[in-house]
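Look for chain A in each of the two complexes below; its partner is chain B in the first and chain C in the second.
Showing the complex of A and B:
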């Protein structure tokens, strides 16, 4: 006789915490080599405020950069692909981050980093 | 006979005020509770933003002293009384002087990091303060028992902007000091990853923003916006840091070899006791309130009693020296009347 387990509706909830030590940081390092202005970002959000793609999607370059720096790269390629490479963010960045090339390099590193 | 001024506290403010008063032709007695003059500056390895050695700065300040300045060390002022048109200043050891004017240059003390128990200072060996780091840098044996630390964290605002320790005020120098120290650590240990945990970065002074940018660009120092909630120690003696990454809206856990607490400034015990003794006004931060913070920053509400340096609020060394010169001018103007 087949035994069926009863589903009480409980599940193990995934920890929300960023575990910096468990995350991998090679992709961020590769991007910083390809586009060193990555390090100049101060998370002011001007890029996201002016972003055309951000008007219609939840794309935020500010957030993408932070996720990259924390090693939270899962799902990041999908996120970064929302960018249309219009370059408006580059015109407004107060720290002169080369945002357009940064987006390209993040995509490249994420694709190359895949097994 | 030239008028006589007693200056209380022989840190940078007291030394500079005395030197300038002497140049104006006044006689000065500089009273210091410790054995030597120099205050906190004598224990500080280098100063931002140009990395001048603390001792070199102190030496230059002392060069201004001459035979008109008498230094009375090992003397704690216990009484200050206004008698007719002069003051009587007395010390714990029986020392006593008459003065036509008194300058309070009693300065600050560093916040005792043990009061933020959850940060682990005095509990975990690898949690140190910014002041400990300066001492280690001066001795040249930073992390001597740890050949190559993998990661160092700096915690901003320890004892500042924190009503849990009764300090609402910003100590304002810790932000730039953290950046300076982070760079110094990177220069000594280029392979070490350095993180700063901050609420706001207050890079208000000239060249500060540039130093902050250099820290990011040249030294790859990472700045994470979030205030430390607690630190714990693992069995290898590493310090586990827990902060909210407020820009991502997620809690973050990160292992560090050493954690440096940027301790803020509080009024020194001498500042507090003299404030009480004279019945001077203080404000919520317990630093002395001058007669007018904008127009008369060195006068107090007691004629003939002046303030110089950090007893009236956190100041950098350069601001302290400028304030000391301003105090000397205020004293001169008062004595001419």
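Showing the complex of A and C:
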């Protein structure tokens, strides 16, 4: 979206509500069963900072996990398919989340509706 | 008399087994790619046939690799395999004495002592033809029975056989093994009872027959004992195609196909089906597996293979593995355990698709140099390694191109190990484009994971791929860098992907020896331990990884070295626990200990004179 005003590098984000009624939580629950370390994530973003794929595109595992936890799973499969599974995020994660398996389990859960 | 009803269980079982084996093998041959079938057909007439026969003799009969593992274990397997085969062959020859040289029905040699009571020969007469055979047959039976004794003893004291842990067998295998174990004692009883009544046994059966005759009503026991012997053979043959003993015929087929140049290919293909059945479940792979230390005892190669064969493998089985290759190294049958596991993962993850269209925007490097350097993802996580390499390139005066200076695309090996071959191929295509775009002659990489897949899956038009340890070794040998020794003692840790994975053991050691005193490690080279950081595993927790790392560290640091040196950024990162032990990559040590070489000094001073 082009803005006519001077661009200071900031954007105004629309105020939004998380709609728990509309969102799917069973996907997140299924992933947490398949890879329990999902629950350890504190969304610090270290994974996204080191990400090899993040260098070329706006892929961010932090964002994926946040959306998953909110249940906003639409378009998430396309997003998560950008991961190269290289494992850098797993090595830097301060909470020892098994990020590689997490990515696989998110994909599986989204494809099958359950893992 | 050349027939009796009691031979039916044996003969029926044998026929049943032959028919089942024929059907199974036919199906696998039909499943093969046409090109593989041609290769297999050609192998009957090519130079690989003598190699195959030799290998079958050494491995399937003598069990040489088992002997290397443990002499008792080797003898146990050899006595069953070689002993039984010789019993069959010698029995066949012996039976021809009594049939005027004709070939007899298959059951006749097996039960010869029931049909023929040769009273002409005395018990210990061994220099006549019948006497020789009688003596040999008893000796061979004793040979097999000694193996049986060892097998029973192994149940109680497996450590004597070099096995801390043995395979936990399922009930079907237990039935199969009981029938196998009973075959030979029953044969001994049947032949002894017969000899006790009719004479005509060898040194063993005749003596036992006399003893039994003293207190047993042999005339009532002799016929049932032949029935029991025949029935046990029948049970064994009927259970064989579905039990672990399917490895007996299948290992021979596997050796033949492997020597014919046929590869595992796509899973589940016919080659992998044959591999699954060639596993004897000996359990040699269990002890070498470091997953045991972390309490993950159920996912060893033997259990994965059994579950795959029985189509029951779950995620736990195939994902809990670091792909370090220790089981592959230990397997006496040479089954590609890693390939099977990757195959199983591939089936499990087949629906997952990857989308790497964003990579197309990647710039192709413009500058031209003979050497291109690829640090890899892990190289970027441990910048000390890539900085050291840059320093080395510059000191050696090498014109190089840093392909992934601004961060790399993954090489594809992690995806491949997760069974996602299609996704990996997309990365391989992109990387190949970038690498070939540099028009370099040598590709140097710091990461053994990248190195492995560059060699196995990339087509780089003859560009030489070198791991940085090998490249440094070459630079040192060419005198382009000169190393200054220092007074410290180091141990070298072989990274799995570089050592077992790619066969590079000596070059990093050569380099390290020029700088430091290198102490021995109890488990090194092919037996090197995995650091626990492997990207091959998908399921382990960080705690379990740390247990494995600590186990490896305790072996590596037995000699209390000043420094732990490795050649893999991931191993370095994993092994560096911050407990005071210095952990460095070979490139970092070299970068620290480089001096200006004489050649360089001369050329520089010459350049100085010119400018004056």
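Some observations on this one:
The rule is short, and it goes like this: the second predicted complex is superposed on the first by the 96 of 115 C-alpha atoms of A that agree within 3 Å, B and C clash if a C-alpha of one lies under 4 Å from a C-alpha of the other, contacts with A are read in each partner's own complex, and residues count from 1 in each chain.
Methods note: contacts are C-beta pairs under 8 Å (C-beta built on N, C-alpha and C of every residue); 3 or more make two chains touch, one makes a residue touch a chain.
If you're wondering where the values come from, they're calculated on a predicted model, not measured in any experiment.
Partners chain B and chain C, once the complexes are superposed on chain A, both fit on it without clashing. Looking at the shared chain after the overlay, A:108 reaches chain C, while chain B stays out of its contact range. Of the two partner chains, chain B is the only one touched by A:67; chain C is not. In the superposition on chain A, contact of A:43 is made with chain B only, not with chain C. Of the two partners chain B and chain C, more residues of chain A are touched by C. When the shared chain is aligned, chain B comes close enough to touch A:19, but chain C does not. Once both structures are overlaid on their shared chain A, chain B and chain C have a minimum Cα-Cα separation of 13 Å. In the superposition on the C-alpha atoms of chain A, no part of chain A is touched by chain B in one complex and by chain C in the other.
Within the complex formed with chain C, the residues of chain A that make contact are 37, 50, 52-53, 55-57, 59, 78, 81-88, 90-92, 96, 98, 100-101, 104, 107-108, 111-112.
For chain C in complex with chain A, the touching residues are 319, 349, 351-356, 358-359, 361-362, 377-378, 380-381, 406-410, 412, 414-415, 418, 420, 423, 427, 533, 535, 538-542, 570, 573.
Residue ranges on chain B touching chain A, taken from their complex, read 213, 216-217, 220, 222-223, 225, 245, 247-248, 250-255. Chain contact summary for the complex, chain A toward chain B: residues 16-21, 32, 36, 39-40, 42-43, 62-63, 66-67, 69-70, 72, 95.
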